[in-house]
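Each chain gets a letter, A, B and C, in the order it is written, and its residues are counted from 1.
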Amino acid sequence: MLATLDLAATFVLATECALGGVQADFDLFGILVLAFVGSVGGGVIRDLLLGEHPPAAFRDWRYAALALAATATVIAASLVLGRVSTFTPPLAVDVFEGMGLSLAAIAGARKSLDYKLNGASIVVIATVNGCGGGILRDVLSARVPRVLHEDFYATAALAGATLLVVLIQRFKVRKDGAAVIAGFAIFALRTAALLWAWRLPHLK
Amino acid sequence: MLATLDLAATFVLATECALGGVQADFDLFGILVLAFVGSVGGGVIRDLLLGEHPPAAFRDWRYAALALAATATVIAASLVLGRVSTFTPPLAVDVFEGMGLSLAAIAGARKSLDYKLNGASIVVIATVNGCGGGILRDVLSARVPRVLHEDFYATAALAGATLLVVLIQRFKVRKDGAAVIAGFAIFALRTAALLWAWRLPHLK
Amino acid sequence: MLATLDLAATFVLATECALGGVQADFDLFGILVLAFVGSVGGGVIRDLLLGEHPPAAFRDWRYAALALAATATVIAASLVLGRVSTFTPPLAVDVFEGMGLSLAAIAGARKSLDYKLNGASIVVIATVNGCGGGILRDVLSARVPRVLHEDFYATAALAGATLLVVLIQRFKVRKDGAAVIAGFAIFALRTAALLWAWRLPHLK
């Protein structure tokens, strides 16, 4: 189940990051790097923190293959259709990204459950797995990571991961069941945040 | 002693980074992330370099709790007092940050002493521990890390860590005694640099 | 052979990054940090991914010594000669950097060959080893890493590493021989790219 979550997250996030690379006018190699870093980056940080060497994305050729396939698809589509962004309603891209966030966060929580960490660390690692790729992508694009100031994104992963830990540790729900529930919760929270433009308060 | 140093550094640096997040107008989650990354980031890089998995900040719930407490305190204070910066003399914040630098650098040196590294590596890891969190914070804020161009900050950590290595390896001072001396040296250097506006030379 | 490649890459890249730090008007410490991060950064990421702790650059004092020597040379030269850039044809600097790229990428490929990784991961790690330091340097300088949008740089490392993997796994060439061939291929590709101003296509 873990590998499936991880690979599904990789494909979704690679597609989303490749679109971002096209829109930011990176060259072909830059688009590929953005897609690779944005899709496997969160999982690589997770594996480095957990001490799994080499990270899954470097042991299993399917990660690189999926990132490459997603990038090739986006590039082909944007050559055929012109600028993809013109043809894609931005909301659809954001909802799609929310799916990647949910899959990656749950993969992170699921994996760190096997490492006997305390609940707070599981939540942090799940959030890092969910948002780490996007943060690396934004850092490589020399802009403030979206998750830090823009809208209700990482908070959805944090809330879902907390729900998962509570379900398992307090209510003794089975791990896979809790993962499914928490995954849908993250996706629902993120989609709701997009539809109603939720924002966290600023202090200034 | 190590855990105490590490936790004290975490609290001090989290407070300082949360203040920075408020002033940079990040949202609540962004402020929490800045405080967490800025306070435990240096120690996490240190543990990854030393091969300690998972890093201390992910094994011990007190790190996350302290970062959270510091952030909550800053947020509560800025809600009560209005913009904190208006009420806080900037020098006090900088001196406070110097304390965090000193605690974190010494924690890094103390820990790497147990790994039988050469002296140069101990000094580098101490400096990374001291400044790493601030560098990550600045990278996440999409600006050139302050330590690279602004003033006499990381150099204080470098000098103090060098002093510590020399005291232990050449003069056979006991590790804990040398750590206390070097810690005060870093804090004194940094405070002197603030008071007299020391700058390292530029070549242009 | 590996240590020689790694150390040669360190010296070349440290020189190049120290020049960059002088031109960007960083202070003395900032120049040293840029040179250190830019020269050993790619290898440190490689070692973290491969699970070698502490990374070679922290176990072997010669890395820090070479980075320091390169920085001191650049600083001395720029004090004696005035702004180095005035006296150095930019093309020479770029060709020199291509040498560092080639050495570092081959060091990365050579080392990951010992870890029984799949071919795609070897290529990725070689590319990360070759470009990682420069990416960290650019991130610390708060600009979009050159390799992502500017010209034919990382692609040379990627192509050379792919050649190396194919030579070894398909044509059973001996590892050291394949490394020499691939190293020259990377350097030749990069130099050709500079001479004829090759660029990868953009989609927009």
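Some notes on this structure:
Criterion: a residue touches a chain if its C-beta (ideal position, glycine included) is under 8 Å from a C-beta of that chain, and two chains touch if they have at least 3 such contacts.
As the structure is a prediction and not an experimental result, all values here were calculated from the model.
Chain contacts in this assembly form a complete graph, since each chain touches every other chain.
The rotation relating chain A to chain C, fitted on Cα atoms, amounts to 120°, rounded to the nearest 5.
Under half of the residue numbers found at the chain A and chain B interface occur in both copies, marking it as a different-residue contact. Inter-chain spacing, taken between the CA centroids of chain A and chain B, is 29 Å.
Across the assembly, chain B contributes 48, 51, 139, 142 as residues in contact with two or more other chains. Across the interface of their complex, chain A is touched by residues 22, 25-31, 33-34, 36, 44, 48, 51, 53-55, 58-61, 64-65, 75, 78-79, 83, 139-142 of chain B. Residue ranges on chain B touching chain C, taken from their complex, read 48-51, 115, 117-121, 124-125, 135, 139, 142-145, 147-150, 154-155, 158, 199-204.
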